[in-house]
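Going by the order they are written in, the chains are A, B, C, D, E and F; count residues from 1 in each one.
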C-alpha cells in the first residue's frame, strides 16, 4: 500500500480537520508521487459568471464524501494503486489572465516535469492551456478527451483577446501541443453564436460528438470511440462540469440546459478503458452558484475520483 | 437580416447593460415586428407560492446565456428569420387578479392586434387567459398545445373564484376562444384533489397525455400527435415550467415530483413541426425559489428560444 | 369515508394554518387509526451533515403540495381507505444518540403496540432501528425493503460506536428483529470505504441490488423481485432520500452522485404490489442543504404518500 | 398559573413537534383566553415583494427560541399572567385582496367579539384594517400606536385601488374606527413619493415621529409621548418589521435603509407603560427574503412577546 | 420639471418592466443631462471575492424601492432639480483589467466630456481611477471624498501589479489628477498588512479619519471637516460599501467587521453641504454574497440617491 | 520575528491554497509555540440548531480576510510577538457528546500541557468545559471572562443531561477548575426559561453584567471591571458569537435579538488590558445559517484575532 493514505473517515468524521482532496496528505518537497492534485483558482478567463476561484476548495470540501475503493473498477483502491497527494494551489493574479496562466503553467510544469500526472481542479476552462503546455513539455503533443457542452475553440473573445475560457483548445492546437486528429470533444449542445461554433472544431481536426449523439451511442460504444481515437498517445482529459445538465451542476460558469444526468455522465467515465493519461482537469466548479447542497462540487470530486481510478487501471 | 439584432456577446460580455430578453432591442412604437417578448408579472393567481411577479426579469437575466442559432433547426438564426424585440412588461395590480388580467389583456391585444405574435413571460398560469383572449380577437379560436404537470381546468378555486392559475383553460373553453377538440395537454402527473382532476379535461374535449405516456411515446411520436391534433388551426402554446421535474425547475409555483428531465422536455419542443403559432407563453418561473444557479430561469429562457425557433421555421 | 380528512386545499390555500402532514388532523389520545405519521427529529446518528432534526417539519411543509388521490393506484383516495393522522414528533435528546433511540422506540411502540402502522419521518437513518424494534415487538421479525445508496450495515463507526446512521440494519439483524433472508436492499452505489462495504450485506444474508442493476431491471421486474423476496412476511420499508441523485435530493446527509431520477424512483414505488406493511420510514431529509425550492422535502413527502397508497391497496 | 402553558424547552428540544407560537396549545372552541395569536397569511396587499403569506409560520418557527419570562418587566411570566393560545390562521383568497380582508375580519371578529385580544401575525400591512375593524366593533374607535418606516396613509394605490399595504390607516380613519387625534406613528424615514407622503398623516390628525426624532428622544421619553398620546383609550398597536434597519430585518416587503437597530427598537417596546391594548399585530415578515438565519422572523417573534408582556403588565 | 422622470411607482408596481436606476429613462444620444448613471461592471481588480460585475444591475433592481423626494434636503425632488438618465454600462473585458479600465475611461469620458456628472455604479474599486481620469480631463485635478474601510493607496499588489481595487488613489495622485492635500479618506479600520497601511495615505498627503474618529465626531462635525478640506475645488466622491459594517453590507468584496451602521453612514451623507461635485461612484456591491434580502444593493442605491440629492442642492 | 508567519496576501491572493487560520503554518510535532489554534468541531451539545461542526473551517475561510497588524494595540504584529500555528481539529464522535468532550479534552490537554495557549474554535459552547479542564490541569483554577447572551450555567438539560451547550460553566465550577468569585459574565439578555436563569449565575458566585448594563458602562469602564475582577489569576476567555445581535451574527446556534453591534463588541475587546490568559475560545459559529456573506464567520475570526492581540500585549 502506498504511503499516501487519506484520513480514515470511519475513524475520524469527515468534517474534522482542514480539508484536502479526499483527506489526502499535503504534498511535501521530494515526495515521490504518481498523481498530484493541484488547484488552479483562476477565474480571470470566465466570460460570464466569476467565482470559480473558489472552486478548488469547494471540490476539496465535498471530496470528503468520497471513499477510496471503486466498485466500478474491480474494487481497486486508488490509494493502494497510486501515490497521490494534494499539492495545494497554483498562484494566480486575479484580473491578469495572461500572468495567471503563466503562473499556472509554472506550477503545473513543476509537477509534470517530475513525471507526476497533474489532476488540476479549476478555476475556469482557460487553465487547460497551461496544463497542456506543462504536460506536453514532458510528453510531447497530447490527444485531448474533452467533456463539455461547449467546444471552447473560439479564435478570440471580447475585442480580439486570444485567451479566455472559450479559446484554450484552439490555442493548444496552434501551439502544436495538442493533436486534434487524435482528439475528441464530447457533449456539445445548445444554441450557437455563429453557424460554425461547433464546426470550427471539426475544421481544426477534432472529432466532435454532441450530447444527443453521445447519449445515443451509450457509454460502452462511446468509450470505444474514445479509445479508438486516442490510441496509445499521451492523453489529456479535460472535464467541464457544464457537460451535465444544470440540474446536476448548477454551480458552473456557463450552464447549458438539456444535458446528461450525472449517472449518464459517470457511466461514460466508468466505461472508459486504460489509456496513457499524462494530465487531466476538472473545471468550472463555481460554488457561489451551487446552493447549500453543493452538488456541483460533489460531482466534480466524483469525476476527479473516476479519473484517478482510470489512471490507476491504466498503469 | 432583420434590423432587430441582439448585442453580440462575443464582443460585449453578457453581464454588461440592462438585461432585455437575449439582449434584444426594446420595442419602440411603430416597430414592425414578427414576435414581441412581453413580460406579464402577475402572480395574483398563484394558489401556493407567490413571487412569479419577478419571473419575467429573471428569465431575461438568464436569457443572456442564449445564442441566436439553433443546431436543432438546421442552424437557423432566429433573428435573421424573425423581427423580434422586447416589449417590456404589461402593467398589473398586485392583489387584484381581475384587474390585472384585464390590464394584461390590453397589453397583449395591442401586440396581437398588429399581427405580432406575443411570447409572454409569466407570471403565473392565470395569464394565459388574457393572452388567448388577445390572440383570439385577431385569429379566432385557438388550438392549445399545453405543457404542464397540471391540467388547470378547474371550475373554480377558493370559495368559488373562477380565475386563478388553476382555471384558465376551462374559462377559455367556455368563452369559445379555445377549441378543446383540437387541443392537447401534455405532462399531467402526481396526486389529485378529486378523482376527475384530469378527466375533467377530457370531458371538456381536450386530449390529455400524461407524463408517463408522453415519455413512452418519445419526442417524435409525441410531436406527430401534437401536429395531428392541431392541424392547420391557429395555435397557442403554453409552457408551465412545472412540466419538468423539480430538480430541473425548482423555482416554480407548484412543483410536482417525478417529471421529465430538461433534455427530454427540450427534445419534444425540438421535434415539433411547423404550425400556425399565433401566441405562446412560458409561465410560473419563480426566481425566489430557484437557488443561486437560477436554473429554472435558464430553462424558461431556453424554452422560449425553442418556441422562437419553431415560429421561425413555421414561417 | 374516514373521519380523518385533510383540510381541502381547494377551499383553503395550502399556506393557511400550522402545517401537519398533508394537512391531516393531529392525532388525539384514543384515535382509532390505521396509520400514524410520526416525526423522529433525531440527527445524532449523522456522520457528516447534521440538521435532519428539522426534517419532519420540512416534509410536513412540502406535503402541503400533495393531494389525496393517486392516479397510479386506480384513483384510490388514501384518506377514504385509511384512517391517518399526524401524531407529532417523538422526543429526543440531541447529542445523546442512545437515549434518543430509546425515546424514539417508546414513541413508536406506543403506536405500533396499538396495531397502528407508523410512518416515521426522519431524522437520520439511525431511527430505523427503534422503529423496527417497535413493530417487531408486535409483529415479530420483519422483512426489510430498503431504498438507499448505502447499505448501512457497518459493524461500528468512529471508535467502535455501534449505533449511527451507518449501522441500523446490522444491529436489527443481530437482534433477530429483521430477517435478512427475506430482505432486500436497493440502490447501493458509489465509492466504498472497504472492499466489503456492500458484500458485508450479502454476507449477512440480504439481497442487494445496486443502482445500475435496479435501473436495468426496470420498475416492474424490480417490484416482482421485491414481492418475491418478502412474500407474506410482515414488511418494514425504509427510504433514505439519498437513493436518488443529489440533483433530486440535495438536502440529505450523505449525498451520492449518480443516482436514479425522481421519476425512476417513484415508478418503482408505484409498481410495488400489495404486501403486509407493518411500518415504514422516510429519512435523511435535511432542509438546510435543500435550497429555497425544498425539492428534497417535496420528494420525501411524495414518497411518503406513495407508501400510504401502497398500504391502502394492501388492505 | 394559567392552563395554557407552552411545551417546556428544557425538557423537550425546541425542534420537536409541529411549531405553534412559542409552543403554546392550539386554541380550541370554548377556550377562555386573554389573548389569541392568529396568523393572517394575506400578502395580496403587497406592492413590491410577495411572500408574507408564509410569514405567520416563519414567526412561529422562530418563536421556538423564546422563553416565557421577561427580565425587562420585573420577571413576569406572561403565561402565568395571561391565558394565551395559538388560534391558527385566518383563511384568505390569494389574489383577491377584498375578499381576503373580509375573511380576515371575520376571523378576527370571532376573537375580539369574545373580548379576547388578538395578536395578529402578518401577512402584509393591509391586514391591520380588518383587525382594527374587528376590535372597534367591540371596543369603539381605537388609538393607534404604529411602528413603521412608512406612514401607510395613502389615499389609493395603482389605478385608484383603495386597499393595499399602503392605505389601511387612512381607511380606518375614514371609517371612524381609528382616532388619529389620539394616535401616533413612529419611525417614518427615507425617500418620498410625494412631498406630502408623511405630512398627509399629520393632516389626517396623526402625530408623526420620524426615525431620527424617535432615536433622539430615547426610549423613555418616547414611551412617555406614546402614553400621553393614547391616554386611557382602547389601543391598537401595529408593528411593521421595516421599522428597523434592513440589516435586522432583511425579510420584509419594502425594506428602508437607515433604521434603528433591534436593540433600539426593543428598548422602546420595553419602555412602554401599561395601556388598554385591545388588539395588536406584527406584520410584513417575509421569510423568502430573510436568509437562512431567519433573523427577521426571530425579531418579529420577539416583538410579539414584548407585546404580550406589555399586555400582561397592563392588566 | 425635468423631462427625465422615473416611472411612477404609485401607478405601476416597481416590479413591472426592465429595471433601470430608479426607473429612469435610458439615456439617448443627444440627451442634455446633468447627471448620468453608468454601470461599470468590472471586477477584474477584486483581490478576493469576484462578482461585482453583477453589481450595477443589482443596484438598479433595488433602486426600484427608492422615491424621488428627500425629506433630508428640504423635500427636494431630485428629478425636478436635475436631468438624470440611466446611461447603461461601460463595456469591459473580464480578466483583462488594464483594457477594462481603458474602456471604462472611454465611456466615462464621453459623459464627463459633455459636462455631465457621472455617477458610476461598480464594479470593484479599481474603476474609480478611470472615472477620476475622465472628470479630471474636463475639470482638472479633483479633491477626493472617500468613504471606505480601506485606504486603497497601495503601491502595488500581487507581484507588482500597479492596478487593482487596492491602488487607485495612489495612481491618481501620481498622475496628478487627484490633489491629496484637499482630499479626505473616512472610515479606515481593521487589521493591517503593513504598519504603514493607513499612514501611507497620510504620507501621500491625504487627511485620514478612521471609523472610530468619524463616529466620535458625529455627522455634523464630520461634514464640516469634509467641507473645509475640499473647499471650492472640483470634488469626486467615492463610496465603497464596505465602509459600513458587514451586517449592513454583506455583499461586498472585502468585508471588514466593526463598521458604522447604515443610519450612521447615511447621516453623514445627509449632513454634507453643497460642493462642486464633478463625479462620484458607489462601488463593491457584490450581489452573490448579499443574501435574498439584497440589503447591500438597497443601501448602495440609497447612497446613490443621497449623492444625487447632494448634487441637486449644490447647483 | 517568529518563524511562524502567514502567507502574505499581498503576494498570493487569499483564495489560493488550503485555508488554515489566517494562512498560518499547520503545527508540526515539536513546534515551540506560544498559541495554537485548534478547531473543536463538536455540535453534539447544541440544543437547537446543529451544524457548528462546520464552524472551525468556516472561521478559517473568513480569517483569510485578516491581516497581522493591529492599529488598536499600538500596531503590534501578532506574528512577530507570538509563535502561532494552526493545530488542526480535535477529533469528535458526532451524537456522542460525552466521548466527544473527552476527545476534545485530550487534544486540548496536549496543547495546554506544553504551556501553549489554546485558542479553540467551536463547535458549540459545550467545548469550553474540556478546554477549561485542559488549561486548569496546567495552571490551576481559572477566572472566566465570558461574552454571551446566555449564562450557560444550567444544572441540566433534556431529561437531566448534565452536559450540553447550556451547562459548561456550572460543571466547571463544580469541578473546582473555575473560580466564579473572580469570574465575570457579560451580555446576558432576552427572555428567560426560569425566573432564576441569570440569578443562578450570581448564586454560583459569578459577576453578571447584562447587555444593557455592559453598553451603558462603555468599553473602557467595562474593561476596568473585567480587569478588576480577574486580577492576576490565570484567565480563560470564552466568546459565544450570540453575544452580538443576530444581524451581525446570524449564523449561531441560539440567536437572541437585541444585542450589541459588532463595533460595540470589538471595542470592548480592544479596551481590555493585559492579563494572564491561559486559554480561550470562540464558539457557536454555524455557517449553514450565516448566508452567503459569511459575516458571522468573519466576526468570529476577527474576535479570535483580537484575542491573539490581547495575548500578545499581555506577554
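Everything that follows uses one rule, which is that a residue touches a chain if its C-beta (ideal position, glycine included) is under 8 Å from a C-beta of that chain, and two chains touch if they have at least 3 such contacts.
In this text, all values refer to a predicted model and were calculated from it rather than measured experimentally.
Counting only chains that touch, the fewest steps needed to get from chain C to chain E is 2. Shared residue numbers account for over half of those found at the interface formed by chain C and chain D, and the copies are therefore classed as meeting with the same residues. The centroid of the Cα atoms in chain D and the matching centroid in chain E are 37 Å apart.
Per-chain Cα centroids separate chain B from chain F by 55 Å.
The mean-CA centres of chain B and chain E are about 40 angstrom from one another, to the nearest whole unit. Annotation for chain C: residues 12-13, 15, 47, 53, 93-94, 158-159, 245, 247, 261, 288-289, 291-292 touch two or more other chains. A list of each chain pair in contact follows: A-B, A-C, A-E, A-F, B-C, B-D, B-E, C-D, C-F, D-E, D-F, E-F.
Every residue of chain A that touches chain B in the complex is listed here, in rising order: 47-48, 154, 157-159, 189-195, 197-198, 210-212, 245-247, 250-251, 254-261, 288-291.
Every residue of chain A that touches chain F in the complex is listed here, in rising order: 12-13, 15-20, 26, 39, 41, 53-54, 57, 60-61, 86, 88-94, 288, 292.
Partner chain C is touched in their complex by these residues of chain A: 8-15, 64-71, 75, 77, 245, 247-248, 261-263, 266-267, 291-295, 298-299, 302, 305. Across the complex, chain E is touched by residues 43-47, 49-51, 53, 93-97, 99, 126, 158-159, 161, 163-164, 288-289 of chain A.
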